[in-house]
Structures are given as structure tokens and as C-alpha cells.
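By written order: A, B, C and D. Residues from 1 in each chain.
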Amino acid sequence: MSAEGLLLLLSGFLLSPLLQGVINRTKAVFAGRKGSPLLQQYRDMAKLLRKGAVFSTTTTGIFRIAPSAVLVLVAAAYTLLAPSTVESGWGFPGDLILFVYCLGLARFLTVTAALDTGSSFEGMGASREVLYSALAEPALIIGLAVLARVSGEMSFSGVFHGLGDSEWLSAGTALAIVVVSFLIVMLAENSRIPFDDPNTHLELTMVHEVMVLDCSGPDFALITYGASLKLWLFASLMVNLAISPLGLSGYAQVAGFLGGMLFAGILVGTIESVTARLSLLKTPGLLTGAGALAVLAFILAARYLQ
Amino acid sequence: MSNETLILSVLITLPAVFSIISLFLPTPRSVLLLCASGTVLVALAMGTLALAVLGGSPVFGSNGWLRVDALSAFHLTVLGIVYALGALQTPGYFRDEIEDGSLNLSSARRYGALWFGSLGAMLIVLLSNNMGLMWVGIEATTLLTAFLICVHATPGSLEAMWKYLLMCSVGVALAFTGTLLAAASTGPSAVHGTESLLWTSLMANAASLDVMLIKAGFIFMVIGYGTKAGLAPMHSWLPDAHSQAPAPVSAVFSGFLLNAALYCIFRCLPIVETATGNTGWGRGILVAAGLLSILTAASFIAVQRDIKRMLAYSSLEHIGIIALGAGLGGVAAFAAMFHMLSHSIGKSTAFMCAGRLMKAYKTNDMRKITGTLASSPLWGAGFLASLLALIGTAPFAIFFTEFMILRTAVNAGDYLIATAFLAGLSVVFIGVMRYAIPIAWKPSESAPVFPAASPLEYLLVIVPLSVLLALGVWMPPFLTRTLASAAGLLGGTM
Amino acid sequence: MVISLLIASLSLFLAGSFLLLFLPGKYRAVRVIGPATTLSGSVSGIIASVFSFISGPVESTGFALSTPSGSFALGIDFLSALFAIPVLVISSLCAIYGIGYLKPFEESGKDTARFWSFFNLLSGSMLLVTVSRNALLFLLGWEVMAVSSFFLVMFEAGKESVRKAGWTYLVATHLGTACLLVLFSMLSSGGSMNFSDLALPDGTAFGAGVAFVLAMTGFGAKAGFVPLHVWLPEAHPSAPSNVSAVMSGVMIKTGIYGILRFLLFLGFPPAWWGWVILLTGILSGIAGVLFALAQHDIKRLLAYSSVENIGIIAIGLGLGFLGVSYRIPAMAYLGFVGAILHTLNHSVFKSLLFMGAGSVVRETGCKQLDRLGGLMKRMPSTGISFLTGSAAISGFPPLNGFISELIIYLAAFSGLTAGTGASSSAALAGLLAAGSLALTGGLALACFTRAFGIVFLGEPRSSCAENARETAGSMRFSMWFLSAACIVLGLAGPVLLEFLWPAAGFLCHGFGYYPEGVSSPLFKNTLEMVTLVSASLILGTAVLFRAKTILLSRRRVTAAPTWDCGYSSPVPSMQYTASSFAEPVIRLFGKSLGTRQSFREPGGLFPGKSSFSSETPDMYREKLYRPVFERMERLFSSLRMIQHGRVNLYILYIVAALFSLLVWKLG
Amino acid sequence: MTAYIDIILVGLILSNFILLGSSRLGNCIRIAAWQGIMVGLLPMATAEAGFSFRIAALGSAVIVLKGFVFPKLLSRALRESDTSREVQPFIGYTASLIAGVLALSASFWLDGRLNLPIHSASAIVVPVSLSLMFTGLFLVVARRMAITQVIGYLVLENGIYALGLAIVRDLPFLVELGVLMDVFVAVFVMGIAIYRINREFDHIDSHRLAKLKG
């Protein structure tokens, strides 16, 4: 693997907690607060790793294994995606699907672990999570399908290398719409506003946070890290797509990517500051909208190649 | 006089002798025993004759008035089987009635006499080469069986008998008109005098008959004999008679009385077909009547509550199927013959089991007869199995015969016929199973009492059903030949 | 050799079931003979199939059946073997499972001999269906299969619901067979009914279209395509669980086999066939999983999920057919391979799940999700097997469900990325397939996290779950076996692709499509990578988990009750229930499901009792079939008036018939 | 000879119409008897080969049976079953008469279609016999009382008998067979008188013999 690729790969593993920091800082700025330091996430995780753990008497082995497995799965998904923009040979045809299904299994385990505690709050979160996933997955797949259609490839590297100026010239609208639907999917998958408020303290309204109420110590560290990696991963999917028309390569690509990520963080922060959280009954509509957008994009892209 | 001819004359006389004997027997039991043994004896004689005929050429008797060819030989076999099954179950069926005295000596004697009488009458129908004689046979069966219906003179049975008599007598009268017209149709041909009633001579000169007359004659015969065969819309007597007669009699009714009348129509079919130049003129009538019967039966079975009426309508359906098959010709004619055999066996068994169930539960209402599998493994399972066989569940033979008929229709491009046929079958299937399932499995409220079944009765249930099962998969070659040659006389092939 | 083995296996099944009929009540003997028959029959059948892989297709013309042009012609080729092997394996596993499962029934004095007899008959007939080479013989096997499974469904016919289910099943299967009868009649116009001679009389597109529709209806009724599926959620829950496992696992697959086998006789498929199959698949997939999500009875849930998976299989088939029609090799091959592989996989994990449900029902005596819970601690083997099955059926790596779904996705994406010819229609097909697969997958996740989580996790919601114990050994054995199969098949992706590739070739050539450059399997590399990733996932998880445990081993680890947000005394009944878990999804799709909810809200200052209940009857049954049947019944009841007892009228009929005939035929 | 035949035939037709129109059971029985006698006379009139013993025997047998035996039996049955002497038709008398006319024309049409070989002196013998048959059927269908149905059946039978005489050349055997149908009539009368349908149902109103349906 080339240095750039390695760089991209490591960037995520190292910087993903930072993205959280960026978002929080942006929100603080909007709110006129000083806000927590950018590296807060790292500190929290370090603290958690040093702690002991409390396990509910209701839980079984599933609850103990889940956090590790989830992190591994997210990491795997990320590994499939990250270097693909600079490594033309990276990945394999169909890795898009493996990517989606790794995240799916991660979700499966998170939900199962949540139900393992037998707490009604975590059950509540779980039931919302599965609804969102059921709607987000088609949107994601259709979006990827559009990319595959336009680029004529079915692997991340193929897609990102296949999307040049000509594609953007002919199918630009479609791709732009895909970017938007990916943004919505990202917000939903990482339970950000307007789908969920990560730093609310009302269990009744939470989605992701409430599922991990009973996790503590190292497990919780793994979970928080996994969460931020997942956010990074979706953001990078969106960013890679968004910067593909620039036709960058090598270190320029890396730089552009990191810049994009910073922008993405600020974007998310802005959204969270300027929009209110949707009521739980309305959120499915938004996700369905994302799917609809993806389909629209496909219809636009279908003319391509004709 | 060859020994076939000997058997022929023996056959004609034997039942008469038995029926007279049974008038002088001392006890009801002895009468019923004579019924069983005598019928089996006659059946054996018929079997030997049939084999002889199927082995060689048609047998003639009493200067050409009697004749047995493949078609009649096959019907003889079926007749033998049905009557033997019916007769063998008779003693068991009436056992308790003899004990409680509801079957007294006189009615028992009458029963025996009529039983053998009807057997003899049917023999006349099958053996006669003379259309007039054949008609006499049918009339005789009508009269004799009419009294079999009301062995016990209840209001219901009297009403049934009255309807049966009135309708069938009208039918027989029309059939007679048909015979007249057929005889008259020999005008242009070379046939004269008594000759013009002989099936052989009609068949020989079929080409030179007066077409209009033979057509009219055939129509009258279809309506007349059709009334007796219970083809829709002339079938209305059938459910009443079946539901009121004792089970063995109903078994004989469904098992063969209808076939005998149908046989007369089959006899005339080739004649009229040849006369009309094999344009399928007569077959068309059979197809129409068959389909109408199937659909009528289906619509009534779907909402039937009375167990024996349901079986009666199922007989109507099967007669329709046989007529349809014969009408379609070709493989379907073979299938029709096969179907006739299977239906007769299955229906006799069904009536036997139904009779026992009704006695035990003291009702005809299928909604009250439940949980039979638990309450009587023999009769319950027997009834369920025979129903499954009758509605055409594989691997019972009827499934395949129905498929063959359907296939003939489809390959001939008659999709309308095929669809109607299939629709009828499906409605029957659904309608029957709707009741069969509770009958077999629904836990029963009442506690029915079954008399302990004799080994013979076990055989009477198991053997026919296993035969039907086996026939579905494999058929002994000689039977195949029999059916083929019988179907051949209907212009059928394999 | 192969043929004689087949005959041996068939006759073993037949003889066994015949013998068993005569041993009612002799439990000790039955317990041995029943499973032994299945096993011996299956073993010889499996050997035959395996040999056929080596020796290539074999065929024999046996003795003639009683019906003209019917003959006992057996034969086995790749397609047959692919369906025969799962049939036999699953049957024998279910037989082993049955030893333990039937114990309680034996104690209650039920006639298990009849059960075993029909069970063996069912297995034998399924084998016959897959290996018969004569349409009549096929029909024979088909009907025996239907009847024997019907009797098995009626095993507990004392219950009203079971009898209703049995009736529905019988009606559905009969109507299906009716279509097949017509289809076979059309195909056998030549006279002979041997497969080698089957063909349509004339090559008209219309005739072929009719035949196609008949096949889809006839076999679809068995396979359980929406809206022909209504018998499935009735019959499978009512049957004993090992029978449900066989029916859901392999019996409904004979429908798929039939479609593949008999469409081969209809020539090159026009595009609309592919579309019909694809859209049917999409409808079945989504409707199936939604209904599954709305069920409260665990076995009903599994039955509906079978509808969903049949839908996924149909999506694969549809893509395959479209690939043939649009001449896109990758799409065609991957579609067929994916469909066949998913058939195989589904038979593995669906029977596993039914076995799990069966042992739950056996131990707790209740099928209602909301009365179960906390079984993971009480019956761990069952729990882990069920978890494996749930993950596999939701299609997640590293389990087998993922492999087949991945291949179907690849087919869809091949359609998407196809750059030539009718590519925009192919692309649309690909998009629809991919999108609906994703939606189905997402909902399946919801469905099976719910099924597993509510039943096995948390605290018991009722006493029956409280006192549950781990099930019998024979049942555990079968479940472990299948769980292992899920993992092994999941890691064997490339091998399976390599192995099934010829099957796809067989089908394509059968349809008269000979594409270039598919001699060696496409996307083999993908599957190798997938296996690699899956393996590394397992490894990585293990490592990370170990590391964490080591980390914790030096820390203070305490056990405490679940955090309840400050509530003082939590009780099991406060847990999230199956209904509440599914509620958001149901609220979203409830309209299209026809879910009925009855809700008594708590009110007033001192709220009294309040209640919530939701039920989802099968919409198609309610809206589509019930009205038809009711109308027919009314019609027939009114027809009875033509026979209201007056003999005068009857004679009028005779006269009318006479005159109409005279006018019709002489006029 | 033709004159006699035509007289007889006309008489038959008239008797038909009277039967259709009359409201009293007693009348009907009497008319049926007359009709029987006339039919019995037919063979003697139609015989081509002049007068033979065989024909005489046949004719007289018919006359005895239909002209005297059955009417006696019927009227006895009528006396025993003390029901109303009304015919109680489903279809009114005028309508019945119209139906009779229609039946007559229908039989002429059918005769035209069939163009049967006539072996008797009169040309209208076939249509007349056909109309007898149809009238008989009509009576069976359109009348309530069991006895009227028996009468109807008798008429039907007369028609068939006449038809046989008309069309069957040199084959008295078949015609003689036809007489066997009278056995039915006897059985019916037995059904009414001996089996006492009237006692079981306290009326011989056959339309109320309608318990069995569906």
C-alpha cells in the first residue's frame, strides 16, 4: 500500500475523535460558549480505559462481546473505504456491499446487546435504531448504486477513480443529490440532530446513547471510539464523493480530504446549531426523503450512458 | 353349445332362482347370508364369462338376442365387484336391525328377492344384444330398485321412492320412444323385422340409417336413459333416493345402477356417430351433459350437510366425468372406463363406511358426525380415505383418470371445457374436504357406539382402498387390455 | 448404480412408512424405526446425488405406470442433486431432532407411529419430486408430498386453529396443482410425458406465456409467493416444529425447483418473465418481512420470514432471467447462482430457527413472544443456535446468508453497470433489486433482533419462561450441526461459487443462451476477499475481546441490576415488549399491513387499568380470498333453490332438457 | 279405413283438450278411460296387412287395461283417499289449453323435421301421437294431485303407443313391449292405494311430498 493510502487509513483511526471535538467546538461558537477542548474525546476514552466495569446481572456474554465486535466491524468497514481514493487497486468489486453489511452487523450487535440488559429504555433506543437503519440502508445502497451506475464500477476505488470531470459534467446533478442523501444518512446513522441529540440527558428521547446506558469502563471506551470512527467513516464517504470532481491525486488528495473532513465537521456543527431536533414521528419521513433523493438521482443518472 | 354360451344362460337364470329361493327362507339372517353367498357366486360366473370374452371374441346366445363383447364384459366385471362388495357388507349392516327386530322376516325376504331381481335385471341390460330387451332390463331395474329404497317404509323413503318412480318412468317412456325411432331409422337400410332391433345389425348398417331419425332417437335415449343415469338436469331423484335407501342399496345405486343406464347410452353412441359420419355429433351431447352434471354436483356439494346426499352428488359428479370422458373420446374414453371402475369401488366403500358412521352417530348431519378417526379407526379412516380417493387425491387412481380427461380436453384445444371441468373438480374438492376434516378430526361431543367389526369388514374396507391405491401407480396388463378394448368400442384409443 | 441407489432410497422410505403404520403405540420400536428409516433412506439418496456429481447426469426409463404415457423414469442431474441433497440432509436432521421433540407427545399417548410414517413418506416424496423424469411421476410425488405434509400438519388436529390451517393448506396446494395439471397437459401434447419429450405444441409466444403464468401460479403456490402465500403462515405454525422445519426449509423449495425445471421446456425467456419474477420477489420479500415483524407468535413470524426469503430467491431468479433476456452474462450467472445458493442457505438457517423455536415451545409451552424472555441463561445451546440463525437469516458476514445475498447484489450491480444494449432496463432492474434487498435486509434485522432479543434476552416475562430448562440432546445435536453449517458455508464462499457455477451454466444453456467468457466463475476474487475479511473479523474480535478481558482482569468488576434511570423497583413486566419494539415500524407501514390496534389510554388523576394490543391478520387472506369464497358460498346456497323438492319441477327439467336438445341438435 | 282413423285421431286430440281443461278428477279419469279405448282401437284401424289375431289380441288387451282396469283402480284410490276432487293445477285451465295448442303445433313441427316413414293410412297420426306425449308430460308437470300425474303418464304412454303403431314397420313385438309400461301405472296406483302415500302424508297432494330438498 502506498504512503498516501496508509496516511488516509491512519488519519481516520487517529483523528476521528477530533472530528467530534470540531463539531462540539463549532456548536459552542454558535452558542457563544467557550466549549470543551478539541481533544476532550481522547481524554474521556483514556479515563474510561483506566476504569473498572459494572455489568448488569441480567446480561449474558453477548453484552460483553458486542463492544469489541462492533469496533472491529466499523474498523473493517472503514478499512475497505479509506484508502480507495488514492489506491486504484484497493478493495475488490462488491466491497460496497460488504461495507454496508459490516455496518449492519455492527448495528445488529449493538441492538442485541441493548436488549440483553432487559431495560425498557435501551429497548426503546433499540427499536428506534432498527427503524432508522431499515430506512437508511436502502438510501445508502441506492446512493452507492447510482455511483456504480455512473462510474460503471462496483468497488470504492473503481467508483472514486471512475468519477472524473466528464462524469460530473454529464451526471453532476445526480451525484450532487447523492452527496445530499449521504449527508442525511450520515446524520441518521450517527444519531445526530435532527434525528437525535447526542448530548441530551433525557433517556426517553435518545437513540444511540440510550442503547449503551449500561456500558461502562473499557467497553464504553470502545463504544465511544467506535461511534466517532463511524461518524468519520460516513463523513469521509460524503467528502470523498464531494471532492471527486477536483480530480486530485496523491498527497493533494490527502490534503483535500482532510480539509473536506474539517469542513464536514463544521457543517455538522452548524446544522446541529441552527436546526432543532425533529420529533421522533417525523424522522422516518426525512430518511424516506433521503431514499427518494437517491432514486431521483438514479433516474437522472439513468440517462447517462444512453 | 359352447361353454361360454352355457355360462351365459346360467347367468340369466341364476339370479332369478336365488330371488325365488330367498322368498322361502326361514329367517332374515339366512336371507342375508344367501344374498352374500349367492351374489359372490354370480359375480364369479360373470368374471369367468368376462375373462372368456376378453380372451377371445364376442359371445352370442339365444339366436343373437344375447351378446357379450368387450364393453359389456368390462361392465360385467364392474357389476360383479359392486354387487359382491354390497352383498358382503349386507349381513354386517343389518345385524343390529335383525336383533332389534326392525328388519322382520317379510321385509328381509322382500329385500333378498328384490336384490337378486335387480341383479338379474342389470344382467339382462348388459347381456342383451337387442335394444328392446335392453330397455326391458332398465325398466325392470327401475321397478325392483324402487322397492329396495323403502325396505323400511318411512315417510322419507316413501317420498324418495315416489319421486324415483315417477321421474324414472317418464325417463323410461322417453327411452322407449328413442328405441322406437331408432328402430324406425332402419327404414332405408336393408335390415328388417326383429333384426332392426339388434345392436349388431344396427351397427353393421349404421352408415345407411335414416340420419334424422337416428339422431332424434339418440336424443330421446340420452334424455331417457340419462334420467336413469342421473345426468343433470335429470338427476333430481338421485340425492333423495340415495339418502333414504339402506347403505348397501345406495352403494349399489351409485356403484352400478347409474353405470348400467349410462351403458345403454354408450351402446348407441357408436351407432349414431357412424350414422352421422363421425362428426362428433353425439359426443357433443355427452360432453355437454357431463359438464353440466359436474358443475351441478359441485355447486350442491359445496353447501351440503347430509352425508349421504353429499355422496350422492359426488356420484352425479363422477357420472358426469365418465360421460365427459366418453364424449371426448381418445385417451379420455380409456380414462372414462378406468374412472368408472375406480369410482364404483371407491363409492361402495364410502357408502359402507358412511352407513356405519350414521348408525353409530344416529344422524346424517355431517356437522354432528365428528372425530371419527378417534371414535372408530376402521370406519373413520376408511371413510376419510375413500373420500380422498373420490375427490381425486393422488396416488389414488381417480386423480390420474381425471388428469387424462383434462389432458385430452386441453390437447384438443377445448380450453373452455378444460377450465369448467377443473373448476368443478376444485369446488368439489374444497366442498368435500371442508366437511371431511371435522368429520375426521374435530373432537366429538357425543359418544358413538360401534359394534365390534369382523375381520371380513376390515378386509372390505382395506382391500378396495389398497386396490385403488395400487391402480393409481400400476395396472396389471390384462386390465389395461380390457379397458383399452372396452374404450375401443366407444371409439377410444390409448 | 446411481439409479439403483435412488430406487433403494425411495423404497426404504416407502417400506419404512408402510411398516410404521402397523406399530401404533409401540413407542420404543417407533422411536428407533422412524428416524432409522429416514436416515438410511437419506444416506443412500445422498450417496446417489454425490455420485451423480462425479458421473454426470444419469437417467433411466422405468416400468410404465397405470396411466398411459406415465412411466417410473428416474434420473438425476446437477439441478436435481442440488435440491435433493438439502432435502435429505434436513429431513434426517429433523428426524433426529424429532426423537427428542416427540417425547412429550408419546407421554401424552399420541400416535407417533402415524407421524413417523407420514414423515418418511414426505421425505421420500420430496426426493421423488426432485429426481423424477416423467411428468406423471412428478405429479405423483408432488401430490403425495402435499398429502403427507397435510397429515403431518394435522398432527395436533384437536385444536380448531390446526384444522383451519390444514384446510387452508389443502385448498391452496390443490389449486396450485390444478394449474400444474393444465401446464403438464399443454407440455405433453406430443403424447409422451417423459421430460425428454416435453415441449409446447406450437412455439407461439402466447402459449408460452400462458404456460409461464401457470407455472408461476402452480409452483408459486407451493413456494409461497405473495399473494399465494396465505397457507404458509397458517400451516407452518400449526405443524410440529420439526415438520415446520422440513416444510419451510425444503418443501417449499420444491416450488423453486419446479419453476426452474419446467421453465426450461418453454424456450428462450422474454424479458417480461424476468420482470414478473423479479417484481413478485420484491413484493414477497418486503411484504413477508413486514408481516413477520408484526407477528406475536414466534412460529408465525418464522413462517412469514420464509415468504421473505422466497422473495429474495425470486429476486435472484428474476435477475438471472433478465440477464438471459438482456444477454448480460454476469447478471444471468450470478442471479441463478445467488438464487440457488440462497435456496440452500435458507434451508439451513430456516430449519435451524424452527428447531430453536420448537425447543422453546417444547420447554416453555408457549409461542407468544411477549410471554417469553431470559431464555439465554436457561437454555444456552438453543439460544446460541437461534442467535446464529438470526444473524445468518439477516444476511450478515461471516455467516452463509451473506454470501448468497452478496451474490444476488453482485448480479444486481452487474445489471447496473452493464454498459451495452438494453442497459437502462437492466439497470432499473438492478436498482430495484438492490434497493428492495437493502430494505428487506434492514427490516429483517429489526425482525430478528426482536425475535431473538425478546425471547432469549432480558428477564422472563412469565412463569413458563421462568422454569424453562435446556432441551433434549438429540435436538441440541441437530441445532449445533446446522449452526456449524451456517458458519462453514459462510466461510466457503469461493468454493460454493466455483461449485454452483456449472448449475447457472446448465440453466442458461437450457434457455438457449450461450454467453462468452463465463467458463470460469466471475467475482471469485470478491468472495475470496469476503472470506478473508470475515475470518479477520472473527480473529480481530477475539483479539480485542481478549485484550479487554485482560485489561479488566486487573480491575474491579462488579455486578449490579440493570440501570433503570432511578426507578426504585424494576419488574420483568416493565421490559420492552415485542409489540412495543415493533411499534415504530408498524406505525410507519401499518396502513399497508392492515394492523388492528386497540388502545385504552391511562386517564384521569389516578389512572386505572390501561391496555394496548395489536394484531396483524394476513391482509391478502382478508381482502383477497375471503370475499371470493364468501361470494361463492352465497351463490351456491341460492342455487339450492332449483332443487326444492317438487317432483313436478323435476319432470319439467326433463322435458326442458328434451326440448332444448331437440332444438339444439335438430333445429 | 282412413275415415275411422281420422275420427279416432280427432277424438284423441279432443280428449286431450278436455283433460287439459277439466277441473274434476272424476272427469279426468273418465276421459282417460275413453282415450285408452280409442288408442286400443287404433291398431285395428292402422294395420296394413288387414286384421290379424295378434293385432286383435294386442288391441283388446290395451282396451281392457286402459279403458277399464286402471280407471277402476284410480277411482277406488280416489275414493279411499278422502281428499278434494279438485285437480288443483299449478297452471290455470286456460293457460293449459293454450299450452295444449302449442304442444300440437310443436308436434307438427317435429313431424316435419323428422319426416317419418308413415306405414299407416293417415298422415296426421304421427303429430297427433306426439301431441299426446307432450300433453301427457304437461299434465305430469302442471298438476298437483298424484292421481292427475298418473293420468298424465297414461296419456304420455298412449302417445308413445300410437307413435309406435305409426312408425314401426312390421314389428309388433316392440309395440307390445310398450304395454309393459302399464306396469308402472299399476305400480303408481299401488303406490297410492296400497303403500298409502295418502296415509303417510294424509293427502295425495304430491307437491307436498317435498320434504327432501337441496
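As a working rule, a residue touches a chain if its C-beta (ideal position, glycine included) is under 8 Å from a C-beta of that chain, and two chains touch if they have at least 3 such contacts.
All of these numbers come straight from a predicted model, not from anything done at the bench.
Should one ask which of B-C and A-C has more C-beta pairs in contact, the pair is A-C. Averaging C-alpha coordinates per chain places the centre of subunit A 79 Å away from that of subunit B.
Remark: subunit A and subunit D have CA centroids separated by 100 Å (rounded to whole angstrom).
Centroids of subunit B and subunit C (each the mean of its C-alpha atoms) stand 44 Å apart. Averaging Cα coordinates per chain places subunit A and subunit C 35 Å apart. Taken residue by residue, subunit A touches two or more other chains at no position, since every residue touches fewer. Shown for subunit D are the residues in touch with two or more other chains, namely 113-114, 137, 140, 149, 206, 209-212, 214. Under the contact definition stated at the top, the residues of subunit C that touch 2 or more other chains are 640, 643, 647, 649, 651, 662, 666.
Taken together, the chains touch in the following pairs: A-C, B-C, B-D, C-D.
Taken in their complex, subunit B has these residues touching subunit C: 162-163, 166-167, 170-171, 174, 212, 215-216, 219-220, 222-223, 226-227, 233-234, 236-237, 239, 281, 284-285, 299-300, 302-303, 331, 334, 338, 388, 393-395, 397, 399-401, 403-404, 406-407, 409-411, 418, 422, 425-427, 429-430, 433-434, 437-438, 440-443, 471-475, 480, 494. Every residue of subunit A that touches subunit C in the complex is listed here, in rising order: 49, 51-60, 62, 64-65, 67-69, 71-73, 75-76, 80, 92-98, 100-102, 104-105, 107-108, 111-112, 115-124, 126-128, 130-131, 133-138, 140-142, 145, 148-149, 152-154, 203, 213-214, 217-219, 222, 280-281, 284, 291, 295, 298, 302, 305-306. Contact residues of subunit B toward subunit D in the complex are 132, 135-136, 139, 143, 146, 150, 153, 155-156, 158-163, 165-166, 169-170, 172-173, 176-177, 179-181, 183-184, 187, 192-194, 196-197, 210, 212-213, 216, 239-240, 243-244, 300, 303-304, 306, 309. Considering their complex, residues 113-117, 133, 137, 140, 146, 149, 153, 156-157, 160, 163-164, 167-171, 173-174, 177-178, 180-181, 183-184, 187-188, 191, 195, 197, 200-201, 206, 209-212, 214 of subunit D touch subunit B.
Those residues of subunit C lying in contact with subunit D across their complex are 640, 643-649, 651-652, 655, 662, 666-667.
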